[in-house]
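Multiple structures follow.
Shared between the two complexes below is chain A, which has chain B as its partner in the first and chain C in the second.
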Partner chain A sequence: MLFEYAVVAGVLFGLFYAFLSIGLNLVFGVQRIVNLAHGDVIMIGGFASWELYYTYHISPLLSVVLVIPPTVLAGFIIYRLIDGPLSRAQDPEMLSLILFFGVSQILEALVTIFLGNNQRSIPDSSLVHGPVHFLGQSYPGVWWIVAGASIPMVGLVILYLYRTKLGTATRAIMADPIEAAAVGIDVRKVSAITFGVGLAITASVGAIAPFMIGGVDPSEGVNLTILAFAVIVIGSLGNIGGTVVGGLIFGVAFELAQLYLPSWSSLIPYVLLLAVLLFKPSGVLGKRVRSA
Partner chain B sequence: MRSEEKLGDIPAKSGDRQMTDKGQSLRGLGSLLKRRNLKDLLAVVVPVVIFSLAPHFYSNEILLISIMIYVALAEGVNIIYGFTGYLPFGYVGFYGVGAYATSLAILDFNLPPEVSIIVGGAISALVALVLMPLLRLKGSYFAIATLAAAEALYAIIGNPSLKSITQGPYGINIGSVYSSGGSYVVAVVLLGLSILTVIAVKRSKLGLALRAIKNDPVSASLSGVNVVVERTKAWLISAAIAGLAGGVFAWTITIFYPSAVFDISISVFAIVFALFGGVGTTMGPVIGAVVLYGLYSYVGVTQPQYFQLIFGAIIVVFVLFVPKGIVGLLGTAINRLGSLGQRQRG
Partner chain C sequence: MDSRFVLRLSNVVSGYSDLPVLWGIDLDVTENETLVVLGANGAGKSTMIKTIIGELPLKEGSIELLGEDVGKYKIHQRIGMGLAYMSELGVFPTLSIHENLMLGAYGLKRSDVRHRLEEVYSLFSELKGRKGDLASSLSGGQRKLLGIGKALMSNPKVLVMDEPSSGLSPLYVKEVIASLSTLTGTGRAMVIAEQNVSFLQLSNRVCVIEGGRVSFEGSTTEFENQEVLHKAFFGIEG
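Showing the complex of A and B:
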């Protein structure tokens, strides 16, 4: 029975992890930008959701959508600012990594300065009352709500990529930016939009993340970034659909580890990340092997 | 005149070479080499003398030791990042391993602290050897993978299940071997050693190979440079320095928790200090650590978030606009002044 419980919980968390990581993969896929501030964007989404709930009594589920427009705009502007230096760099991937590491430090510091260093949480009752019973087990209701919200959000990203004109252009750039430019795609503009969308989906998951990770605090960014990296590396970098598989594998592995090896479960994200990087750098679903 | 001017221009362009005055370089290669010897000698002797005498003028030895530890860490980051372009986010992992290995050598084997610190450095290099496959990864994957490795080391060493070996999350106490004078001396040795190592790497064939790899790994390997082996050497040296630094910290503080020696901000500090001073230079990390950590300890301890803000801004600004750091900036300024003076004289 415990095993079934862990698997169901793992699937619920896995959907959430997919939602949590997909923005990082989108941003990486387009211009090889390694967004080390990913976790901090989630954190800011969490604080936005907290403020909206306590000041305007807006449900966090609504905040998931509300945080998207301002973040797309912010992402678009940030991309325009960094595009020049990045394209001139000898190794843009490495430069973006250090750059966003600096951005992550700045964001964490600013949030601490303006909002304080305390962990904040939003009561579960803002989403749902009481537990949910499934196959004879009882689960916290918020798990189901968050997992339920993750499916359409991840689905929308995939629809955007595969069913819209902009998404097709985005995938063309992911495959080869030079050839994309050659067939008349405005690489700079589409990249900026995709960067904005990537950040927005990340802030959006932040709005409901406090229910799954026990609150929101300014220093949570680093660990969330590593977690998201583990998920997208498992699912294979640049493969958006793979993120869902990565999230599910990660979620179930983590819950099972917590059941059978509770004191070692905190090792899971790191060990999985290292193992995949070393033994199958292309990810579980990857076809091409990245040159090391 | 023309050829002389060209000679003088070379050091300015290849930024990692020692900066030389126009007037000096004119006297030919012999004096250039001598001058380089003198500069390298001063780079080691001046900081060592200053820090040896410092306790007579300034009583906060812990702060002085911390600065020396950070100089060593920044130089360690310099060796791996400055020479290979591989950024070790998880550098703190070796520091923590060094601190723990040193403490356990003292507690379990009753080794003298000085020897235990060397054991700490050796064990860190050993861990680096185990993590060697990470060097196969591309730069940005390497950075994240080392971060994961450091967190994994923390999760293992601080694990409650290992309480009988490492005390788990409950911390280490080596108060029985506390010696403020002794730990100060080893900190000065560590300081000198770290600067000396950078100079040695820079002047050796290894340094040449690493620079070639950084510029273009494919061409370097075609010219007979074994990319992986040379990178591994830099990686092991840099890990050993962090291990020694961790050992010195352990002996200085004597009571600490795993969270203190696996704190990711130690990596952040070391990287920022190296970037600020100038990676690939000898004195850059020294200047970065002394200036920024000094500043941090005066104003930053009570309100670290403001320093985090400043550090973040330094990373962004320096990476984008001042990639050669303060030392590079000064070098360019001196060269400009030099060529200005020469033009006026001519």
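Showing the complex of A and C:
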């Protein structure tokens, strides 16, 4: 029974991990920006949710949506600021890595200065009362609520990418930005929008992340960024559908490790990351392209 | 400007970083004309095509497209004016055949897309049966046909192609030439940068680039009468 419990918990956490990582994959896929501040954006979403709950009594589920508009706008503006230096750089991926490392440090410092470095939490009762019983096991209700909220959010991103003209243009840029411009796509504009959407979905998951990771504190960004990188590398860098697969693999593997090898479970992100890089560098859903 | 010219390059100097590759190219392309740009590897053919579409900036000179100076225009702005480009790759491998074609019509109104799609599918019927397949699943030759179809989706006035024979076996080259031959004389101008002289059967005019300069420009007949050039490109006595 414990095995079934771990698998179900792994799937619930896996859906959350997919939601947590999808923005990073979107941002990386479009402009090859290595956003080391990804976890810090989640952290800011968490603090926004905490503030909205305690000051205005707004449900964190509503905050998932409320944080989106300001972050899309912020992302659009940030992209316009960094696009010039990145497009002129010899090695834009390395420049973005350094740039966003700096952004990460600044965000962490600013939040610490203004809000202190204590961990904050939002009570589970703000989302649900009591546990959920499933297949004879009892699970915290918030796990189901967060996993349930993750499905439509990830689904919306996938719908946007695969069912809208802007989404198809985004995937065209992911495939080849020059080729995309050569069919008439304004690459700079679409990339800026996508960067905004990527940051917004990241801040959005931050609003409910405290229920899955125990709270929100200014220093959590680094660990969340590593976790998200592991998920997108496992699934396939630049492949949005792969993020869901990566999240589920990561979630189930982590929960099983917690069950059978609890003291080793914190190694899971790194072990999976190394295993994928060594044996299938293109990720689980990475595909070979026919060459002739 | 003479209205017959749909594309005009005047004293174009262009290249990568500080290093020019093209040294003052002058070239006119008229409507309904097929111009084949011949040259060896590194002669500057691709640089010229990339400069025409705006991937590489002009260092000197000007480019006029349909009577308008487009020297400062970005790629997507030039494409929106009636220019289409088919690169060596030609397609988005990770997108489906249908999505590739739809992207070719990116700037078109929704009402015009269906008509264009029907026309392109009628030209390349083998693509229609596989429209949900990824472009990466196509053979090299089929990918080129999809690339041509994608470029035609916008119903361009000027179609520029960078080595459409690249990476293809002679059989597929024949297939690509046969497809392109259906487009000649249909009102649009085509500029084809090539090393493969088989493409001369499509051309009205030939331009030879050597060392970033135009070393010959004239009709296909004139080119064939130039013994030295004929020997250089066909490898046999004229």
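The criterion applied here is as follows: the second predicted complex is superposed on the first by the 287 of 292 C-alpha atoms of A that agree within 3 Å, B and C clash if a C-alpha of one lies under 4 Å from a C-alpha of the other, contacts with A are read in each partner's own complex, and residues count from 1 in each chain.
The rule we apply is simple: contacts are C-beta pairs under 8 Å (C-beta built on N, C-alpha and C of every residue); 3 or more make two chains touch, one makes a residue touch a chain.
Predicted, not measured: the structure shown is a model, and the values here were computed from it.
K.L.:
Between chain B (first) and chain C (second), which does A:168 come into contact with in this model arrangement: first, second, both, or neither?
P.N.:
second
K.L.:
For A:132, using the defined touch cut-off, is the partner it touches chain B, chain C, both, or neither? Pick first, second, both or neither.
P.N.:
After superposing on A, A:132 lies clear of both chain B and chain C.
K.L.:
Is A:176 in contact with chain B, with chain C, with both, or with neither (first, second, both, neither)?
P.N.:
Touch status of A:176: second partner only.
K.L.:
Looking only at contacts as defined up top, I'd like to know whether chain B or chain C touches more of chain A.
P.N.:
Partner with more touched residues of chain A: B.
K.L.:
With both complexes overlaid on chain A, does A:187 touch chain B (first), chain C (second), both or neither?
P.N.:
second
K.L.:
Overlap the chain B and chain C contact sets on chain A and report the shared residues.
P.N.:
290-292
K.L.:
So in the complex, the part of chain C that touches chain A is made up of which residues?
P.N.:
Residue positions touching the partner: 53, 55, 74-76, 79-80, 85, 87, 89, 91-95, 99, 102-104, 106-107, 136-140, 150, 154, 167.
K.L.:
Would you mind writing out the residues of chain A in touch with chain B in their complex?
P.N.:
Where chain A meets chain B, its residues are 34, 85, 91, 93-99, 101-110, 112-113, 117, 222, 226, 229-230, 263-264, 266-267, 269-271, 273-274, 277-278, 281, 290-292.
K.L.:
Would you tell me which residues of chain B are touching chain A in their complex?
P.N.:
85, 87, 89, 133-134, 136-141, 143-145, 147-149, 151-152, 155-156, 159-161, 264, 268, 275, 305-309, 311-316, 319-320
K.L.:
Quick one: which bits of chain A touch chain C in the complex? Just the residue numbers, please.
P.N.:
165, 168-169, 171-172, 174-176, 178-187, 287, 289-292
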